[in-house]
Each structure stands twice: as C-alpha cells, then as structure tokens.
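To start, the structure itself, in structure tokens.
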Amino acid sequence: MAQVPSYEVDSYWRMIRQRFMQHKLAVAGLIIMGLLILVGIFAPLIAPYDPNAIIGAFSAPPSGAHWLGTDQVGRDVLSRLIYATRVSLAVGVITVILYVLIGTVVGAIAGYVGGWVDMLINRIIDVFMSFPSMMVILVLVTVLGTGLSNIIIVLALLGWPAVARLVRGSVLSLRQTEFVRAGIALGFSSPRLIFGHILPNAMGPILVNATFGAAAAILSESSLSFLGMGVQPPAASWGNMLNAAQSITALTTQPWLWIPPGLVIILSVLSINFIGDGIRDAMDSRRTGV
Amino acid sequence: MFNYIIRRLLIALPVLLGVTFLNFVLINLAPGDPVDMYVNPDVTEEDKQIRREALGLNDPFMIRYFKWLANLLQGDLGHSFSSFQPVTAMIAERIGPTLLLVGASILFGYLIAIPIGIYCAVKSGSKFDYLMSTGSLLGVSIPNFFLGLGLIYIFGVLLGILPTGGMNSMGGSGGFWDTLTHLILPTITLGTSISGGMIRYVRSSVIEVLGQEYLRTARAKGMKEFIVINKHALKNALIPLITIAGLDIPILIGGAVITETIFQWNGMGQLTIQAIFSRDFPLLMGVNMLAALSVLAANLWSDVMYAVVDPRIKYS
Amino acid sequence: QGEGAGTAVGAASGGNASQANQLTIGITNPPLMFNPIDSDGSGSSGAVFTYRYFFDSLIKTTGPLQFELQLAESFETEDNQTFKIALHPDANWTDGTPITAEDVEFTINLIANPKTITTQRSAIFSLDGLNEKGMLPEGKDKLESIKVIDDKHLELRTKTPVDPNLVYERFSDVLIVPKHILSEVNPAELNQNPFWRSPNVTSGPYTFVKYENKSYVELAANPDYYRGAPKIKKVFIKIMPAANMVAQLESGELDMNAAQGVGNIPATEWSTVKSIESLKTLEEQTRRYNSIEINTERFPDKKVRQALAYAIDRQMIVDQLMPGTGELQDGPYSNSHPYHDENILKYSYDPELAKQMLAEAGFDMNAPIELIVPTGDRTREMAGNIIQQNFQAIGLKVNQVNFDFPTTVSKLVSGDFDLALSSFGSIIDPDGPATVYRSTAALNDMRYNNPEVDALFDAGMAETDPVKRGEIYDKLQNLIQEDVPLITVYSEFNLMAIGEDINGKGGVVDGMHYDVNTWERR
Amino acid sequence: MNDLLTVRELKTNFRTETGEVTSVDDVSFSLQEGETLCIVGESGCGKSVTSLSILRLLGRSGYISHGSIRFQDKELAELPEHELIKLRGKDIAMIFQDPMSSLNPVFTIGNQLIEVIRMHLDLNAKQAKEHAITLLKQVGFSRAEQILGQYPHTLSGGMKQRVMIAMALACKPKLLIADEPTTALDVTIQAQILQLIKDIRSEYGTSIMLITHDLGVVAEMADRIIVMYAGQVVEEGEVFELFDHPAHPYTNGLMESIPHIEMDDVKLRSIQGSVPSLQEMPSGCRFMKRCTRAGERCHSLPPLTEIKAGHKVRCWYPIMPDNLSKIEG
Amino acid sequence: MSTLQMNKKEIITAATPLLQLESVHKYYSIKKGLFSKTIGHIKAVDGVDLTVFPGETVGLVGESGCGKSTLGRSIVKLEEVSTGKVLFEGKDLAPLPLGQMRGIRRDLQMIFQDPYSSLNPRKRVVDLMTEPLKVLRGMTDGEALQQASWLMEIVGLPLSSLGKYPHEFSGGQRQRIGIARAVALKPKLIVCDEPVSALDVSIQAQILNLLKDLQQEFNLTYLFIGHGLGSVKYMSDRIAVMYLGKIVEFASAKALFQHPKHPYTKALLDAYPVPNPHLRNKERILLQGDVPSPAAPPTGCRFHTRCPLANHKCKEEEPVLTNNGSEQNHHYACHYPLISNPIVRTREEGALYV
C-alpha cells in the first residue's frame, strides 16, 4: 500500500486569505481592528489614568499630562477613550456572536426540518422583522434598562432573525445541491449533514453578515448612547463620550471632547466594513469558483 | 395576482396579532408607571387613583389587551395618556412629516446612488470606482448624529445659510421653498447613509447583470453600448432595486428617530421617543402597530412590485 | 451678526420689518395640551409656560412673596378666612363675553369635582367644604364656601384662618377657564375636549393662533386685553433640544429662552451665551435644588447619613460644573426662599470626618450601595459621576446606575433604592417642603419619619402670623438638616438670555408673563 | 466561390487577475460564400473566443493582440466601433449556446426582435412588426403574433433558440455564426434546429460558421471542418476527407473515444489526461502530453501543413491513410 | 468479449432480480390559491415497472424532463415515492423510515451528473473519501485512509490528490472522485445519473471505461441514466426508454437499436446525429414540437401528440408495456409497433414545427 503523502494545509482558506490580502483597504481595516482589540485587551496597562477618576481640571485642553485633555467632569479623555474601546468592541463582537449563534441554529433547523416547524419559525421571524429596529431597540432598552449587557441582549435579539433567514435560505438551497444529496445517499445522519456539510458552506454569507453586523452594532450603540439610552456613565463608551457634541460650546471650543471618539467610531466602523467587504470579495464564488 | 395579495394579507394577520401582543407585553414590562410620572408635589395619591381609573390602568393585563384589540377592530387606537388626544389623530399628524423626510431622503439617496453605482459598475476597477466604493462605505460608517451635528454646525452656525431645525419658519406662510430649506440638512443626513449602501448595491447588481449573456446578444445584434447599458442592463439591474426601495421605508421610519431628534423634525420618531419617555402606552402601541404595518406593507409591496416589473414572476 | 444669520427665517417671513414686532422664545418641553386644570404631567410643563400667555389668573406671583393683581381688581381679607374678590371690570373673554364671578366659581368647582382629572387640587385645598381628599364630598356639585355676589364680585372662605400669602400664591396657579364654553362638559372627559388643543376663547394678553406641526406655538396680541394691548404683535414659542437653543440664540432665530425648567440653557453653554453680543443675560436664584435622597429604611443611622453628607465635595461640583450658574444648597428651604435660615448647619467637605463617623457608626464598608441617577439632565448626570467618585474615595462601594425618568420615579415611589439623585422645588409658602419631609408626604421617597417634624408642619400651618411662622420653620429646617433624610447638593440658577433689543424682563418663575403686554422691541 | 471571411494569424488575449492569457493562438482559416464551416474541439479550446473575436465581442478584458479578420472588403480587427456596430446583426449574425440566458428576460420577444429590425433596416414600426411576424413564421411559429407579446420564460428551449435564429435572420446576414446552438437542447429538438439551419442555408445562401463539440452534428452539417485544440487549429479539411482520414492523433482520438449507436461492442479508446491550462501551455506541440505517437520533434511546435489539397494538419507525425485505423462506415 | 456476453445473459435469466420496481409513481403537487391548495400534480414518474438483475447494466434514456433522475433518486430514496414498490433484494424500500435506510445505503449508491456540485467544496478529498468509510463502515482513521489511497489508485488519481480540494481538479477528475466514493462502500447497485454528460468529449470515454472496469472488478450492477444514446448503448446490457414518466420500450441494447418497436424510440435514434458524414442524408422520423408538460400528460398513448403514426385509438386507449406474447425480452407500449422495416416519413410529408 502506498504511502499517504502529507497534506497541504487548507488550501481553500489559504486561497481566501490570499484574495483577502489583495484587498488593501481590508487589510488596513484588519490592522486597525487588531490594534483596537489590543488596546481594548490591554486597556489597564495602556491607559495613563483611571478612566472614572476625577484627576484634573474640568474640560482642560490637551496637555502633556492629558494628551487628549480632560472631560467636563475632569476625567482623562484618552483613558476613557481607551477603556471605551472595550465597551464598544464588546458590543460589536458579543452581540454578533450571540445572534449569529441563535440565528444559525434556528435558521438551520427551519431550513432542514421544513414543514410546520419551518412555517412556525418563519412566522416568528416575520414578527421580529416587522418591528422597525430603532423603535424596538428604544422600547426594549426601556424595558430591560440601559447598560452594556442589556444593549447587547437587545441588539442580539433584533439581529438573529436576519441571520436565521439567511441561513435558512442557504440551507434550503444547499439541501438541493448534489453534494448534500450525495451525503444523504451515503447515509449520513441529518446533524452530520447540517453541521458538517451544509453550514460550512453557508459560512461565507454568515461571516459577511456578521462582520457588517458588528459594524452596525457599534453604530447602534453609539446612536443609543447619543440618545442617552446606551451605555451609561461613568462607564465610557465612544457613543456616550460623543454626547458632549450635543453642546455648542463643546462643538466650537472643546474639540478634544468629541473629535477623538467621533473619529474612532468612524474609523472602527469603516475598518470593520472594509474587512466585511474584503471577506465578501474573497469568498465571492464567482471568483473562487468554489 | 389579486388572490396572491389577499393571501398575503391573510398571512399577515396572525403576524400582526403576534406583533401587537408582543408589543403589549413589552410595553407593559417597562418599569415606570405612567401615573407616577406626575411628580407634581400637589398631586395626591387620590388624584393618581382617579387618573389610573380613567386611563384604564386598573384592569388586569389581559383584559386591557383585549379591550385594546376590540377597540382596534373599530379603528380606534385609544387616547394618549399624556395629551388625551386620540392616538390616530396624533399619528396622522406625524406620519406626513416622516414620509416627507424619508421620501426625500430616499429620493436624494437614490438620485445620487443610481448613476454613481452604474458608472462604478461599468468602469469597475477604475480609480473612480475605487474612490466611490470607498466613499460609499464611509457614507454608511458615519453615525447619523455625527453627520447631522456637523451639518448643523457648518451650514447653520458657521455659514448661517440654512435653518438648523424645525419644519417651517415661524409666522411665515410655510410654502414649498420654506419647507424645502428646512428639509435640506436632514435629507442629506439620512440620504447619505442610504446612498452609501445603495451605491454598493447598484454597483454589484449592475456588475451581475453585465455578466449576463443576453447583453452579449444585444451587442451581437448591433445595439449601441448606450442602449445595451441603459436599456438591456438597467432594467434587469433595477428590478432588485425597486424591491429594496420598498423595504427601505420601514427601516427608515425607525432609523429616522435620530435625524428627527437632531433636526426637531416632528415625525414618528420624535413621537416614539416622547411616548417612551412618558410611558404613553396607547401611543406607543399605536406607533409600533403602524410601524409593523408599514413593514408588512413594504414586504407586500416589494413582492408585488417584483411581479409587476419582472415578467418571470407571476403569482397566482 | 445675529440679525444677518437669521436670513433663512427672515426671508421666509418677509424680512426684518415684521421681525421687529415679534418675539421668538425657545423651550425644550413640547406642550401636549393647553389645559390649566390638568397641567403638570411629564413633558407638559411647556404647556404651563405657554398657556400663561392666554389664560389669566386672579392674582399673580411676580417674585418671592410679591403678588400683583391680574383678573382680580381686588383680592382682600380682613380675618384671614374670608376673601373678597372684585374682578376687573373690563376683563372680557376674547369672544367678547365678560369674565364673571361665575367663571371663577365654575373653575374652582371643576377642580374640586372628584371626577375631574386634575393637578390643581391642592391649589384650592384650603377652601371650606372640601373633604379630607380635597374634593367635593359625595352628593355635592358646588362648594358652598364660594359666594357669587354679582357678575364681577365674589367671596371665598377657607376652612380655618390662613396666611393670606398662601392663598395668593396658590390662587396664582388657578387660571380661570370660560364657563360658557365648558359648562356642558363631563368632568371625567374634560381632558379629551378639543378646546384644550386650540383654545379660542381666552383671557390673557395673547391669543392662541396655532400649534404648528408640534414645532412651535404661534400667539397673537390680544388687542382688547383689559390691561392694555401688547406692543409685540406676535409671540412664537419654539420647541427644540437645549443644545440647539444656544445655536439659535446665536443665529438670531431665537430672541430668548424660556428658562424656568422648560427652556434651560445648559450650564456648560452659559459662557458661550454670555459672549454673544446681541443678548443680555440674567442669572436668578430658583426654589429648586438637587439632592441625594437617602432611603432611611436602608440607612436608619443618622450618623451614617451625616457621614455621607460630609463625604461629598459639593463645592467642587458647584465650582466646576456650574461656574457662576449655580450655588451650594443647605437645608430644605432653598437659598432664595424667604424662610431660608442663613445659619443652618452646613456639611462642608470633610472626607476624613466622614470616614471616622462611618467607623464610629460601625458601618459595613463592603456593603454595595446603588446610587440612582436619572438621565436627561447633563449637569446632574455629571454631578452624579463626581458624587460616586467622592463616595468611592472614602472607601464606600458605591455603584452608579442611571435610569430614565419614569423608571427612576417608579423606583423611588416603591422605595427600591439606596441613594438617588433628584430635584425638589417648593412654593414660596413655608409649608412647601411638607410635600417632601412630612412622614405621609407624596414625595417622601426617603421614608423619612420624624413625628417632631410632622408636628412642626402642623403648627406652621395653623399659625397665621408670618413672624411666628418663621420661628417654627427655622426650628423645623434645622431639625431636618440634622437628620439628613436627603443631602441637598446644589441649586442651579435660572439662566435667561434675551435679545438686547427687547425691553422687558424674563425670569422669576412665571413672573415674566405679568407685564408681557408692556414689552417692546427696539 | 469567393472567400467571405478570412482570418489570419488571429491571436486573442485576456487580461485576468493572474495575468495575461492567450486563449486563441495563431488561428487562420477562411470561409466561402454559402459554405458551412464547423469548428470542433473540447471545452475551452477557444472556439467561442475565435467566433467572438470576429465581431469583437470579447468584453472589457479581451482583445485581439495580433492578426487580421477580413470580412468582404473590411478589416474587422481594426474597424472603428461605430462601423462595426453597423455590421453586427446585419451582415454577420450570431446565435449562442444557451437560449435560456441569451434572451433578455424582461423584454418581450417582439421588443427584442423588432429592436434589431429597426436598428438595421429602414422600416417603420408597423413594417417592422410585420417583418418580425414573417420571420417568426419562417422559423416555424404558427402563431407568430401571439409569440411577439410573450416573454422569453414562457417559451421552451427549442422555441427560444428559434427566436434567436429569427433574430439572426432579421437582416438576411451574409454570415451566421452559431456557437453551439443545440448543446443545451434535447436530441429531438436538436434535430429540428439543425434542420432549420440547413433550410436557411439553402434558402438564403448564408454562409454558416457552426461551432460544436459534437462530432455527430459536424458530420451532419459541415462542408469543411476545423479542429481546434488548446487555442490552436490542429487540423482542417473537407468533411469526408477528415472523417475518413483523420490525420492528427487528436482528431483520431476524438473519433475513437466517442461511443455512438452505429458501433458494435468495441471498447472505447480514450484520450488520456486532460487539456493543459492556459497558464501552463507547453511551448511545443500542445497535444504532446496526451499523444500516443509523440516523439522527439514534438518538443517544438509543428506548423499547420497541407498534407493533401485542402487538408491541413498541425503534427510532426500525422496519421497517413495507409496506417490509420479507420472507424467503421 | 462474446463469451462474457454469453455468461451475462445466463446470469440474468437465472438470478433473482436485484432491484425490482413495481408500478412506481412519483407526483409533485402543484400548489395554488389562498391556502396552498393542491391543484394538480407533476407526474414526474407515472407507473414504472423495471427489473435489474445482479451484474447487468440497465440503461435509461429519454428526453429532458421525462423523469429519469426522479426515478433514479426514488430508488436510492432521495425522494419518497408516491405509490408503488421499490424492491431491493426483495425488500420494499418505499415504506422504510429513513433511519432504517442507513444499512441499505451501503449497498445502494448513486453517482451524480454534475461533478462540480456533487462534491462538498469545503472538504478535502481525503475527508470526502474517508468520511463515509468511517461513518458507515466504522473504520478507524488509518484503515479509512488506506482504503482511500487504494481507491485513488483504482480510479487513476495520484495519491497527492487526497490533500486537495475539489476545485483543484478538472471535471473528469472530480467525477473519478465521485465514483471512487460511491464504490468505496462496495455497493451492489449504483445508480449513475448522467455521469458523463457534463464532461468533455475526450474525457467521457475515460469515465465510461472506468465504470466498465469497476463493474468487472467489483461485480457491480448499474442503472445507467443518460440522454446520450451512444454512451447508454455502450454501457448497457438492457435499455429502457422513458417518455413522460413512463417506460415505453425496454429491451436488450442490441434489439432496441436494431429493431426499435416504439415510434418514439425510433425517432430518438433518428434524431441522434451519427458522426459519419456518409450517413448524413438518411431519411428519418423528425418529431414535431416539444414534450408535453408532465402536469397534464396527453390521454391515451402519451406520445400520440407527436407520433406520426398515431390514430384515434392511440388518443383514447393507453397501451401497456408488454412483450406481446413473444418469448423475447423485448417489451414495448404501443398499439402500432414498428415491424422489422422501419417506416420512414420525410419532413415534406408532415408539419414539422409547432
């Protein structure tokens, strides 16, 4: 019997990676997000001050001691910005992980099982999708109360139906493909087919949806915070730091209060969107032929 | 087709019922009693009781829901807890401004997005395409409120050429131009994010169509490139756009909350916020009900439009 | 530059000429309906500000213990129990019918009717013939203590003799509504009456024109106003978020802000506003203060409460968050209150003392404490942050939680809190704080119960001599201050900005409306 | 008979993500008036690109990098676009493999048919419609008027292909290029379409360039045949000559590897391996790796040489009549 | 060669059938209206009887949409049959719940038409090959890997292929993988649904030969579906011709091609272009029009709408599949079967087009 050669590592993913790497902006986005994540993780090491401690003059302009000045309560803006990274990224990442998990499982079940289960799930999805999101977010936040974990729950609650629908569609169409039929003919069990064969093939759109979803979640959180219904001070989030921009005085004479968080929001959302774009392009089946 | 619409409406009914019930549960779960809000020291506990009774808050939960449903069947959405006006009247007053803003924003967004999207697709890979694709992502990445405040600051405060908020100038006779000047900034704010997403959508949709064989047929027939793109490609590419356009409206009605707040545009969004902050249950029910209706209507619209514009689809 | 910047508005309304004769006022809270009988629900205080322009009361408070007659030509008592009122002979409703004693009687009876949903019941509580709930007793539809003498004359009688200032102050909130329009209305459905949405039969210096798109209220001068037709022909009351107010004051779109809680300029913006040349500005004290309510059931030990008070750097809050726009507050009577005791005990910042007192009281420093901060007032939110930091600095495990207003209220009402930041106001009469500190008071979220305090409130009410009352209330406020059921922190000024070219003066809660018919624009 | 179309040394390139590829490399042939020329070859050997090159319908990434295409007295490779447009659909018409996707789904048949008529012929709307009806009748629709108002998806594959043919015939073209017109169709429908094309040829005298990979169709239709392999012409000849005496090992292999119904229980001889990809084209004979006859010389590219009048082959070791294993007649 | 043929024939008559279809129907319902009422059926397979003996290859031909794939899929239970029996080794699979199919699936495999979509693009060949072995045969990783390597050799792929993904292969190579995977379980019957029609001409022969070789090596039985008559003939011992969900003729390959009895079979043969230019102008039946919709098949003989020989009987009475009493195994369903000399009708005589 012949020697079995050692295999090349996942050439599919290697190809995707190569394609992704060609997308310069996506790579830039990835680097920026990587840095932001590091900043989030190592916030306590990086941040010069306790983000909630009142340590300086109030609304002081940037100086050697406070590179981005202090806010209206005399806290170090840079430190708050660094800690806020944690909050905003957590909103983006955890929300998406939560709702992608829920949506994938529900969608896969609906698509694969079919029949009345599918019908029921579909109606539930309909109900959820019939709420215009911002309004429900507002109501839900009121019901559950503000705060980081509640914001995440609310956003996840509203995110899953879209993923479920997406996954359901993928499962329905993949179920008709010959390779799944081949799997059935080979006698594979349903869970094996769903999780081993169908879902990995639906990963592309899910991943893209998740990436854009993370960007949207960060935006939603900042919008909510802007309305005063997001993450609550003293905890800092980019959105609630931007609240300062609601004052003309800050807008005109204290740019250090709002330009940094504003830029960071735009930069991070843009980066994530670029990454999503890159993934979508890289996974585009017309280009990969897969 | 007619049957199809009827069928869709029938399916929509249980969904709507589910929506209203879920809404009712949610709203009633919210902490805060509409009557407790009268923190005027002069309002006694007895007064609160009278108010509670008058508002029907003393009934058990399910009874209140069924009462609400029964009234709904007669087209009555109840009276607001805070202004005591019929909810229908309050909504009627607000729906126009919101539709105006949303409509103008969609128009603005699409007017920008469609030509740019097409051009990007036709010249895909070019510098222009690259620039616009990047720019469009920026459009979707800027928070609405950030853009809105920036616009107010630049055009309202620094340059002073446009009003910073409201829907008409006071005392004036209103009129088209007056409304238009007030509409500009909010429309740009809301329209920018729409056009950002739209450019990408149009672009990929057109690129998709450009790869189709019937375009090669058209070229082989000796059609000019202009006709190939603007007749043969465009109609196909626009079909998904028409359906998307329908779906945009409810998203925007909700999404306009922030823009409405910033520009004091008194539409549905503002009404919602107001209803939430005053725990005005009937109003909130009404607003959400309308919003859900708009989503369902938009879905129906997009499916029906699909059938109307795409001859391949016929509903029976 | 204000004039020039307002081009968009100016152009649309036909140039600056007409602007000269109009006044635009910014408020933040949109009026919901213009019903003076049921007014002070959440968000509708914008209505109080607005309907004062077109509904008059008999008498009007224009400053601390200062009253001016409005619809009444005289409002007098000899025995502090029977009040004789003569109405202004020229006072007519805008439809031409005279304003009569019947209208006054009708208004009071409407408020007293147990079916009416009203916020005004306590304004008439001192009248004779009301039951213990302040309502008409079962079977009665009229108060017998009101005696209509003729069209323009009537008499009111109180249960017991009272300080007339109390009656004057209370009655300045009772705006007279037209009987001939409303007499047929079922009191239980009063609120639903469309009249309150476009009141077209009114008594004040201005008439209601329209409430456009819920974005502004347009008022026009009432040419037949009994105290002289207003000089400024139009008033616009424009609704907007506080942040926009400053921009619009600067651009000239606004002539003034309403202040007084319905159109405040945020403290952070005050220096910007002051620097605008086209405006004159005014800071005035209010009778409202922000304080930390302490749930006395969870902090029964007076010493602990005092320690908490010492722990807060209130001076810093005032200096940093409201430089020149607010002041330190001590005791239940606001600094501007005529009954405020200058020498009241002051809890100056002393963290060491606080720590020591807590140790002495044996307080468990590891017990988690929740500090509720209601959202919606930026300055208060920031103060909350500072207070939380102050508590943390002495080693307390204080966690700040923010809730929107309705949630905060329901937490407070149900007693589900440790500490909560909130604000209280008071009428000028020294009985005002009774609504907070009395053990049975509606706003006594702290569950504060000191029988001695209750007794002093009773005594104060029974006393009609202002000097003697002063003594009672001095004792009372010192007692409360020592108990600290709530820690008074700061009091913000009423911040007013008015166009330089306007002759007239805002300020003093509701007082500005009294002479608004004499205002003019240069 | 005259040469209607002469292609010389045609070379067509595509710019792709991974670099430039040459998909048609040095192709020369000519087509006479009234003649049917078949191009056969495996998938990807450049048949379609050759035909698309003639009308320069190569899309944005493709271009003719070398060679000349003479049609009558015009040089198509250099003709300005606006001139070329006048030719397309008028003098040279094309039909494509997949009738399902070759018709625009959102326009009616009438719209698409009349469009081309009015583009090239000086007819008013009414005349154009009449002409359209005539055309549809010609390709076998009895209820032509009704078809005009129908959308493509309501027609079967065979009907769509007939519509495509009607469209191609609209201006009585001198040359009809049919790129695998029957591949997507059933045999019974294929027979109908092939018959239709034959009819057209005899009726209009149109020259036909028929692209296919089905040797059966070739045998049925062709006057002359070009066999392509990996972008090059490997053999060219008159139909009987080529079938009776295939000279290129590839042609021969193709013929032997195709099972057909006239054949008794003979084992198929398959061609081993598969076509080299465009990116790694060998410099020598492109068929060498799969060829059983390959020898030393095959490392250099053989020229297309005439071994008999009208029979050309690109091979160093062509199969000559004496030693060739003939397929059964 | 001919001895083999002899042997096969003997086996066929002697053995009990491996697969026996009895009156198999597969209807898809067409839903419509307010409450998705079923208003009709697409009769994809409409009463098919068929026997397949061990070791033989039965071919199935017919125009697109006539129900070949549906029938094939019904046999391996990718579709539930509506009515009828699918007897595999004497056991009726039709009523079996999916759970109990597992064991049988080893013996019953399928090769799909499209080599591009029948392999999971996210899995490496090694996983594709070993997964069924591990799951269905309970092999260890090592055993499965050995088996997979051996199969690669058998189907003529280099061992290095195991580490690659499907998209790195050409169509022919992919089809080899698909075949290897079906064969890996050592099944008794393989349903081949047009295994070569997506492949290049020069590759088709490779795959057909591979299938033939494997058949000998593993003693496989094939149901070979195709619409290329050439390849079906090449592969099959017996051939069934389908038209609109029914089998219209079923005979040995030789008999069918030399003496077709059913006009449809004849028309199919005629329409098939023979790669021999000398035969190009032979006379033939040229069918008119398209296949009618399987939702509303014609009455009587389904072929009567396109049959040049049809008369009123064909319109009214449905012919049954029979060998008409002759001892030959040549079954056909026609009232007017073609006698030895085929009738000929040139196109001039009949309307050819719709």
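Which chain is which? They are A, B, C, D and E, in the order written, and residues in each are numbered from 1.
As a convention for this text, a contact is a pair of C-beta atoms (placed from the backbone, for glycine too) under 8 Å apart; a residue touches a chain by one contact, two chains touch by 3 or more.
Predicted model only: the values in this text are computed from it and were never measured.
Asks: How many steps does it take, at the fewest, to get from chain A to chain E if each step moves to a chain that touches the one before?
Replies: Minimal hop count between chain A and chain E: 1.
Asks: Which pair, A-C or A-B, has more C-beta contacts?
Replies: More C-beta contacts join the chains of A-B.
Asks: If you average the CA atoms of chain C and of chain E, how many Å lie between those two points?
Replies: 89
Asks: So what's the Cα centroid distance for chain B and chain C, whole Å?
Replies: A distance of 38 Å separates the two centres.
Asks: Using CA atom averages as chain centres, what separation in Å is found between chain A and chain D?
Replies: Going by mean C-alpha positions, chain A sits 52 Å from chain D.
Asks: Going through chain C residue by residue, note those that touch at least 2 other chains and give them in order.
Replies: As it turns out, chain C has residues touching two or more other chains at 241, 247, 250, 403-404, 407.
Asks: Out of chain A, which residues touch more than one other chain, so two or more?
Replies: 142, 145, 246, 248, 252
Asks: Using the touch rule from the top, collect the residues of chain A that touch chain C in their complex.
Replies: Its residues touching chain C are 52-54, 58-59, 72-75, 142, 145-147, 228-229, 232-234, 243, 246-250, 252-253.
Asks: List the residues on chain B that touch chain A in their complex, please.
Replies: Within the complex, chain B contacts chain A at residues 14-16, 18-19, 22-23, 26-27, 29-32, 133-134, 137-138, 140-146, 149, 153, 157, 211, 250-251, 253-255, 257-258, 261, 269, 272-273, 276, 284, 287-288, 291-292, 294-296.
Asks: How about chain B: which of its residues touch chain D in the complex?
Replies: On the chain B side, the touching residues are 212-214, 216-225, 232, 235-236, 239, 309-312.
Asks: Please output the residues of chain A touching chain B within their complex, sorted ascending.
Replies: 25, 123-124, 126-127, 129-136, 138-140, 142-143, 145, 215, 219, 222-223, 226-227, 239, 242, 245-246, 248, 251-252, 262, 265-266, 269-270, 273-274, 277, 286
Asks: Please output the residues of chain E touching chain D within their complex, sorted ascending.
Replies: Result: residues 1, 5, 63-64, 170, 172-173, 200-206, 208-209, 227-231, 233-234, 257, 267-280, 284, 286-288, 290-291, 347, 352-354 of chain E touch chain D.
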